[in-house]
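In what comes next, chain A is part of two complexes: it sits with chain B in the first one and with chain C in the second one.
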Partner chain A sequence: MAGPAHPHSMAPPKPGRTRAAPPQMPASWWNTSRMRTYLLFDATGIIYLLVGFVAIRMIRALAEGAGAWQAAMQSLENPIYIGFHLLSLISVIFVAVRFFRLFPKAQPPSIGPLKPPPGPVIHAALYAVWIGVTVVMSLALAGVIF
Partner chain B sequence: MSSTNTGEAIAPTQKTIIITRFDPDKDEVPRKQEYSVPCEDNWKVLDAVNFIKDELDATVSHRWSCRMAVCGSCGMMVNGEPKLTCKTSLKEYGDRVDIEPLANFPIVRDLVVELDGFMHKFEAVKPWIKRAKEKAEDKAALHDTKLTFSQSAEELGNFKQFSMCINCMLCYSACPVVANEPDFLGPAAIALGHRYNMDSRDEGNAERNEIFRGEGTVFSCSFANECSEVCPKNVDPAAAVNQAKFEAVIDWAKGLVLPSPSSGGSN
Partner chain C sequence: MKTLLLKLEPLIWFMFGQGILIGTILLTGWILVVGVLMPLGIVDPANLDYTRAHELATASLFGVIPLGQLILAALLVLPLWKGAHHIRSLLVDFGGGERDGIVGGLLYLVAIVGSGMGIAAVVGL
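This part shows the complex of A and B:
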């Protein structure tokens, strides 16, 4: 065993009479498929941080005038940016699918007299709303509507 | 020696069982020790550890009791996964099986972990039925279960799943937050607190929700769902923790607009 458990994890409030070895985690703790999925989920935070930096850069360009905005928009056509945005899209889909999968179990059994619908209905509603919003936004950005 | 349905005898399979050893009087850090064990086809992992203890090395220490996944004593890490060893077939594993004490817990000796921290967290959520004050009907209910303490099947269904926990602590071993935040109450304790919050006989919601809104409780959970994945009794502690988040927020919001409910009582 080796690894990154906090030395005071699950420690008693007062030390016992016997010396105990500090808590540990298996050396392969990260190597189960479930844990890899969770780590990947956590790692998507890095992508959103970078997306935030890109958004700030675009807002600054917008504030600097039409020339700066055009230059910034042109830079987004760089294959590196396109690859990054593709990665962002994949990570958003991954996080959304994971969230939708876990969402029904986080619902309270009832709110007053109201009971949540069955899990599959919640899933279907979440996906319907997600797809609907995506379609509306895509049409709006393409100038078809609004 | 075990046998097939036709009565044919199956020879034991020799497996190498690797046990984590730690003697606080001799060892500075835990070490590994290998044992060659003739494993029967129908053995659980616990059978192999018991064989080592009984036949090969009496100094090996581990906890076990019921052998039928009820007492929750025999939780160990098996090839890196938290498992209830009396419920886990040995034939699921290859020739080498690595058995370690539950991750995230201080190790008292060999496969035995320190439980005091867990018990302390358990107590913190007040896992008992709290009544605002003793009522006349409470006394009557002690003699007639159809009175105050009666509960419909629907009311029972709201929390029954969360009351099936056997305190095996596998969820604590699997939880990445427990590994990093020593103050985190953890899945089983929060699930138990939530179980009492959902109980129609209980009136301690406000008090427990106050605890749940504090540091190191429900909002420390990042919904990794690992606790539910490893739970041998399908309690689904991740559901309890995340439902408790919702309840704690609703309770807080109610407190903004409604007079605070009496949550006193000394029971």
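This part shows the complex of A and C:
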């Protein structure tokens, strides 16, 4: 009868000295291009957290009334806010491009009897949804549609 | 704390995954228009005055589904979880995993509080 796997089932009966050298982190680990891109991807989390709270502030102002909304919109004209939002826009585009490239690779080979579509199809679909939603949302917010 | 985070990992990963996918898709247009084009005067801010902004935010589909509020809730809540989880990951990379339990717990607490604030703001529209 099969039992549940034990994580230490393959360990030697007596702990001994490993023949492999212990892993060491190179001093410049953060400076290699792959690591730098990976760290930048993680660092966009700071931007997402801040931009989320700025958006919450805007909607709280909208819930408060016309005066608060007007003041909140005017506050976004501060150069610090404009710079932050430009950085946010770059971050969001960077996350989208990197994540959409990784997404097809992260799909399981099958889910039950179903197989996911080929990678390029998933990749193209993600771009289509992203660009489509961005265009519709931008036109709606800018007063062109709806 | 670390044990609790491990137990909650499926939920944390779900919110993080939605944050990185749906959050990114929704944030792009919002930041572009509200954060950049309107403050720079490229798009007239009068096009998103209080009346119109409120109409958009409370728009419903077939008079039943509160589409505007659902989109706003996702826009406000999901990026917080992407942010919290990636900051946690960044701090593990630079500072090691010894304090991961308390740091991760604090970051997710910020995301939970922010999510509550965001949902309350959307419900209050």
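Everything that follows uses one rule, which is that the second predicted complex is superposed on the first by the 117 of 146 C-alpha atoms of A that agree within 3 Å, B and C clash if a C-alpha of one lies under 4 Å from a C-alpha of the other, contacts with A are read in each partner's own complex, and residues count from 1 in each chain.
Operating definition for what follows: a contact is a pair of C-beta atoms (placed from the backbone, for glycine too) under 8 Å apart; a residue touches a chain by one contact, two chains touch by 3 or more.
Quick caveat: nothing in here was measured; it's all calculated off a predicted structure.
*Asks:* Applying the touch criterion given at the start, work out whether A:Q70 contacts chain B, chain C, both or neither, answering first, second, both or neither.
*Replies:* second
*Asks:* Check whether A:P26 is in contact with chain B, with chain C, with both or with neither, and answer first, second, both or neither.
*Replies:* First partner only, chain B.
*Asks:* Does the superposition put A:V51 against chain B (first), chain C (second), both, or neither?
*Replies:* second
*Asks:* Spot which of chain B and chain C makes contact with more residues of chain A, would you?
*Replies:* Partner with more touched residues of chain A: C.
*Asks:* Scan A:S110 for contacts with chain B and chain C and give back first, second, both or neither.
*Replies:* The first partner, chain B, only.
*Asks:* Following superposition on chain A, which residues of chain A contact chain B and also contact chain C?
*Replies:* 42
*Asks:* Give the list of chain C residues in touch with chain A in this complex.
*Replies:* 19-21, 23-40, 43-45, 47-54, 56-57, 59, 72, 75-77, 79-80, 82-87, 89-90, 93-94, 110-111, 114, 117-118, 121-122, 124-125
*Asks:* With touch defined as at the start, can you tell me which chain A residues reach chain C in the complex?
*Replies:* Counting only chain A, the residues touching chain C are 30, 39, 41-56, 58-60, 62-63, 65-66, 69-70, 73, 76-77, 81-82, 84-86, 88-89, 92-93, 95-96, 99, 103, 129-130, 133-138, 140-143, 146.
*Asks:* Could you pull out which chain B residues touch chain A in their complex?
*Replies:* By the definition above, chain B touches chain A via 20, 22, 24, 27, 29-30, 77, 80-81, 98, 100, 103-109, 113-114, 116-118, 120, 157-158, 172, 176, 178-182, 186, 198, 222-226, 228-229, 236, 238-239, 242-243, 245-247, 250.
*Asks:* Where on chain A is chain B touching in the complex?
*Replies:* Answer in residue numbers: 1, 4-6, 8-14, 16, 18-29, 31-32, 34-35, 38, 42, 102, 105-111.
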